[in-house]
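Just so it is clear, A, B, C, D, E, F, G and H label the chains in written order, and each chain counts residues from 1 on its own.
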Amino acid sequence: MLLKNGDTVVFFGDSITDYYRWQVPHLDFWGFGYYMVTSSLLKASYPNMDLTFYNRGHAGDCTINLLNRVEEDCISLKPNLVVILAGVNDSIKRYNGNDVYVSPEQFKENYSGILSKIKKSLPDAKIILMEPFALPNEARGIRDDLNEKILKVREIAREFAVDELIPLDGIMNAAFAEKDDEKYWATDGVHPTHAGNALIVKHLYKAITGEEVIPCL
Amino acid sequence: MLLKNGDTVVFFGDSITDYYRWQVPHLDFWGFGYYMVTSSLLKASYPNMDLTFYNRGHAGDCTINLLNRVEEDCISLKPNLVVILAGVNDSIKRYNGNDVYVSPEQFKENYSGILSKIKKSLPDAKIILMEPFALPNEARGIRDDLNEKILKVREIAREFAVDELIPLDGIMNAAFAEKDDEKYWATDGVHPTHAGNALIVKHLYKAITGEEVIPCL
Amino acid sequence: MLLKNGDTVVFFGDSITDYYRWQVPHLDFWGFGYYMVTSSLLKASYPNMDLTFYNRGHAGDCTINLLNRVEEDCISLKPNLVVILAGVNDSIKRYNGNDVYVSPEQFKENYSGILSKIKKSLPDAKIILMEPFALPNEARGIRDDLNEKILKVREIAREFAVDELIPLDGIMNAAFAEKDDEKYWATDGVHPTHAGNALIVKHLYKAITGEEVIPCL
Amino acid sequence: MLLKNGDTVVFFGDSITDYYRWQVPHLDFWGFGYYMVTSSLLKASYPNMDLTFYNRGHAGDCTINLLNRVEEDCISLKPNLVVILAGVNDSIKRYNGNDVYVSPEQFKENYSGILSKIKKSLPDAKIILMEPFALPNEARGIRDDLNEKILKVREIAREFAVDELIPLDGIMNAAFAEKDDEKYWATDGVHPTHAGNALIVKHLYKAITGEEVIPCL
Amino acid sequence: MLLKNGDTVVFFGDSITDYYRWQVPHLDFWGFGYYMVTSSLLKASYPNMDLTFYNRGHAGDCTINLLNRVEEDCISLKPNLVVILAGVNDSIKRYNGNDVYVSPEQFKENYSGILSKIKKSLPDAKIILMEPFALPNEARGIRDDLNEKILKVREIAREFAVDELIPLDGIMNAAFAEKDDEKYWATDGVHPTHAGNALIVKHLYKAITGEEVIPCL
Amino acid sequence: MLLKNGDTVVFFGDSITDYYRWQVPHLDFWGFGYYMVTSSLLKASYPNMDLTFYNRGHAGDCTINLLNRVEEDCISLKPNLVVILAGVNDSIKRYNGNDVYVSPEQFKENYSGILSKIKKSLPDAKIILMEPFALPNEARGIRDDLNEKILKVREIAREFAVDELIPLDGIMNAAFAEKDDEKYWATDGVHPTHAGNALIVKHLYKAITGEEVIPCL
Amino acid sequence: MLLKNGDTVVFFGDSITDYYRWQVPHLDFWGFGYYMVTSSLLKASYPNMDLTFYNRGHAGDCTINLLNRVEEDCISLKPNLVVILAGVNDSIKRYNGNDVYVSPEQFKENYSGILSKIKKSLPDAKIILMEPFALPNEARGIRDDLNEKILKVREIAREFAVDELIPLDGIMNAAFAEKDDEKYWATDGVHPTHAGNALIVKHLYKAITGEEVIPCL
Amino acid sequence: MLLKNGDTVVFFGDSITDYYRWQVPHLDFWGFGYYMVTSSLLKASYPNMDLTFYNRGHAGDCTINLLNRVEEDCISLKPNLVVILAGVNDSIKRYNGNDVYVSPEQFKENYSGILSKIKKSLPDAKIILMEPFALPNEARGIRDDLNEKILKVREIAREFAVDELIPLDGIMNAAFAEKDDEKYWATDGVHPTHAGNALIVKHLYKAITGEEVIPCL
């Protein structure tokens, strides 16, 4: 179990973590993606652990944006556990008309910067990284670019000796092989459907609690 | 396991089932309440069962509204399993300025009418009822009225010999006793928070699959 | 396991706890309700724990009566665990010709007074509350009044942070939905039959020992 | 599991089975001994099996009395399972002023007669015999006489190939060795206390359901 | 587990413990009854516990003989566990031509003397008593007399608070009820066959090791 | 489970199977070696399977003797399972003054002859072979000769496709390595002590029942 | 369990499957990679299933080579299960001086051709695909090219509805994150070390037998 | 679990341990026998234990060779666990034209010398011995000689109180009885096939980790 009483958890990422939380502010900014499901299951399972969860996903954020706001949105919250799912936008922004190219080196500098700052301020914080991922059809345009980013995330996981790297790109694509319907898992190949989110939840819930309460695919 | 390959499930109810699904239509109208979490966990667990889920929660609906749309919104979808969580609005509408009073007899006539129509058209459909519920502080105004409705739901569960009655009012209030923070479970005493939804999910997931994969409170 | 060697347990309540113990004094005043079954199973399971059980149920007692005798009948026995099932008579007495009305506020004052006194004298005593309950048909007269009392018991459970609140009203009524025969569970809707008592025993035995030795319904 | 849906069970015996049932007729003549606890646990565990239980214990009955009423009180009820605990009164009546002596041969003739009639009318009925028993101090007067009766019960168990013989005399006395307090188990050495009854319940519940849900001593 | 490394165990009794050990001295005086099977299974299961077992059964011994040799044959061996199965010969000798009558009082004085001496010299030694037993047909002559002795063994078990009393008479006779063939369990009703011995082994092995490795009947 | 109701089992072998059965004929010729322990445990575990066991071990028998009496002592009993432990005497007789040499070829011819006859008459009989064995010190004289015999038993096990070959020589010697005391396992290196017998029992009981009820070394 | 008695399994691939089998022909051409470990564990676990395994890995093979020899090396062997690990050489050959470029389209045509031929000739054969993989440092040159190939393997897995797709690239790289020592898992980033092979074995053994006998990382 | 973090394990032996490691030096001299499979499974299971494994098998080595190189090849590596499989070559060299005869006494002197040196320098090192073994047909020439060596290995295991002696000769030959195909287990009767190696792996992995992760034959 990575959590203890009174712990604070920050989920730091982009739209997949965000999942429309700004659109439903009256619901306490949880959004309704994997963040919401994972943290609400944890809250229902451990009501007396006094866990605090923060969704600090920002739709559209690239790693540079995360880097710029890591102090305000993550470190200042003094998390005991940080879950990061980031990177796919660095690929998307190149192709969706924004025409912003983030080289792998720049990507790594950004992403490493995030971890450096966290590690410096919160040396005891536990960290879980999840690979950015894409399903092949809808997201085909970004695949090559994304691959470079996944590679860098793996490098960073090693260099910062994170507590867990969840290989989501393989997991998502193997699920897609089992159920050959891309829209079942991620309508645009990048943003998971609720079923896709539940798949992330299963692996993340296991990584956090150490128990495979909902059998993974 | 109440489901078999190819089954269709309709969740029929009010805003708790709805949970803002109309606000996020681009997300396929799932909303982000217990419906979304339960059905997405089921989809991730059984990708090859070809299960179809419909959220037919309508914010603000009273039993009369559900009765009026049961054919179009439920029966016409030919569900093999119907999950109904309804009734709290019949109490709320009396006090929130709408001044609509639904007598217990009328409530029962409405609710029974829903089940009668389902049973008549779909005699083999399985049915799970969940008690409407309220936490005491925020929802104190409706309590007396709600109690009468809960009583009627219990009557109906017996008369129609449903497959399961989940006593949510007691479960929610016992959870509230364990963690004495009403806003932890349902901010306004009626609409569950995500933690409250997760509690419903645990009992409902168990009732549907027969396995207590996520230990209930 | 809430009990340790040498512990004393007081069951404090009304006729449901009492269950005719005055009628059979030669049987050591156990009565023959859930008190008798729970404590005798515990005595047979742990003969060498030197557990002492007291049935301090009084048929007909309302919370005011319990308040008046809590020192003599409960605190003076120095219990390590107090199990309280009370409240239904406060509702019954209003309608059965006695015409005594106990307002919710008065009910809470009485019931809280019981807990205040216990907590003050025995700050380490563990406490289990069970909701008063009624089945719908026979007990229909008191339902509205009882609902207010159940609400207050839930409030008290939170305010005194008791060790367990067993939501008996929902449990009993869900059992009634499963087996649609009110007299199977409680002939007059209020006093459990032996089958109804056994249902209480199962939940109470689990709450006390922490093991679900007899699977709950 | 010795029972199937719709089965009827008759508990046939003396005061230990009776346990004051005539004194509390308003409680449906269950008494409050092992009969009540065993059958109510079974009813709570299997509400939909439609089991019917009859307590046909008669305080003071000797085997001759049981023989005389076996047709009316047992066979006519068409039980699928008969549980018999009898014989101790044949010993007691010799010494308690009644001065009735039942020789072992007569005892066996009586007891065998009971089984003969049951087997003849209900060849498929299952049968569980429990040895009569006595603890040594209070019941010392009858011990020798009782021993002869226990011997005959064992003979009969073999000759009629009953489904189970529960050696209660050894079980009770071994429990007494573990917890050296005769009044803990049976105040007068013959009539079990509630703790003593619970011990019978554990063995009988296991013999009937085949599952040791409450660990035996 | 009643045993620890280096422990010594003495089995103290009569011919049932002896089981022809004098006839086969070249086999280290183990005899071939329950002593041999129990101790050899324990030796094979725990070869490195350095357990020492002594068979101090003497065919024909009555309690007076055991009392006379308890110092030499038991205490002087400094056992950590003493298993006693004794008493049947006190009954047999009365009827088999020896015409020796041991009154219950004398029996108890003898048997208690054995325990007194053990307890005095070896206050920490653990003690297991097994009831003497007889099957009904072959041993019918001694039954009445034996019953008195069993009663006294039970008294002694309580008075000396032994670690375990195994109610062999009930166990043996219940086995006989299950398999109605006296010679299957004890050819002369008193001396167990190998199958009868195995039944003793199962209960004794469980009493000593705390694990039911060979499921008891 | 290799056995079914009504089965007959013949243990066929030499002194290790015999284990003094002729010396204790009044005990029904069971001897008191692994045969006795294995079969008596089986009889106590399955009293109603109506199993019949025959000890057809003959002290001193070589394979030629077994071959000569296989029809009379084994086949004529129509066993459903034959357990054979044989061969060590073919080695011993060469050195103990008898000066009888059985060449490996002759040994195999004898042993195969036993199986041929069994298979021919009882094609459905199950067969378990156990390797002959010796511990090194006491039995050092026969080791070389025995090795040749073990080799042949292994050949025969393959050629006749027996149901199980238990490699006793390795098992015994590994036990000896764990507990370095030859007399603990087999005083003369060949005849197992009771502890050694218990080791055989554990493997044989598992091979016959398919359950490792007594954990093997 | 994907295998049944008498099944034939072909492992079809490149050097990772081959693993020097041509260098050690006297060892029956098993090589000593994951093929050898997986199939030898299966042979030791199921000696009587009569399973036949073929290593048809060819060091240096690209998909075009596999396509050219699929009939001779795979289909003609009539496998019931085909395990394919292929594709990394299509990437390597572009950069290691061979200067052969296989476009993703060509890659897919080749790889699909393999499956088409298998499916056409052996419609019932089960198929397991494993993603080609590379660790980042040593194999950095081929990464971009390899990513395109992995993408195509995932497409093919879906289009041919294979029985299992094992996402080795993510698994290998997550293992690398846990133990940050590339040479621990794959010295040149492409050819797994023995530890890397064992990781493949664990997932493959589970995919084939359905049991996670050796817990996966 | 015999291993702890940072431990070093040396496998010391002949060609069976070596298994062509000199032929494939580019593979880090692991060879591809039981050494490779056991150590690579351990490395994949415990990547963060920092275990170091050394294969110090030398094809053709007799015990004298092992003795000569034990300091350089084993002790100097400071192993915490030494696994030794040796001795078959001492038998083979006598018959394969080398005509070298190693008497049992000489064999023991050599082998004991190995253990003496290890114990003297590394008194805390754990030691596992495995019996040398041969299957009967191909290796028939050496059988007699080998038997003498196996005997000595058993002696040494006792005298040095090793942590485990794995009786491989019996295990291999019992496997051969189950699957009657010598070449399935060891082509020349001495060098295990991959299936034979996997059998060794199963027993060795269990002996080292204490868990039977892959069920032994």
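We adopt the following convention: a residue touches a chain if its C-beta (ideal position, glycine included) is under 8 Å from a C-beta of that chain, and two chains touch if they have at least 3 such contacts.
Bear in mind the structure is a predicted one, so any value in this text is a computation, not a measurement.
Shared contact partners of subunit B and subunit E are absent.
By residue number, over half of the touching pairs seen at G-H are also found at C-D, the match among F-H, B-C or C-D. Both copies, subunit G and subunit H, contribute mostly matching positions to the interface they share, with over half of the numbers common to the two. Note on chain placement: the centre of subunit A and the centre of subunit G lie 30 Å apart, centres being C-alpha means. Between subunit A and subunit C the centroid-to-centroid distance comes to 49 Å (mean Cα coordinates, whole Å).
Taking each chain's centre as the average of its CA atoms, subunit D and subunit G sit 69 Å apart. Touching two or more other chains at once are residues 178 of subunit G. Taken as a graph of touching chains, this assembly is arranged as a ring, one closed cycle with exactly two partners per chain. Touching chains close into a ring; read starting at subunit F and passing to subunit H, it gives F, H, G, A, B, C, D, E.
Subunit A makes touch with subunit B in their complex at residues 20, 23-24, 27-28, 30-32, 36-37, 39-41, 43-45, 47-48, 175, 178-179, 184, 193-199, 201-202, 213-215, 217. Contacts from subunit D toward subunit E in the complex involve residues 131, 136, 143-144, 147-148, 151, 154-155, 157-159, 161-162, 165-171, 173-174, 176-178, 180.
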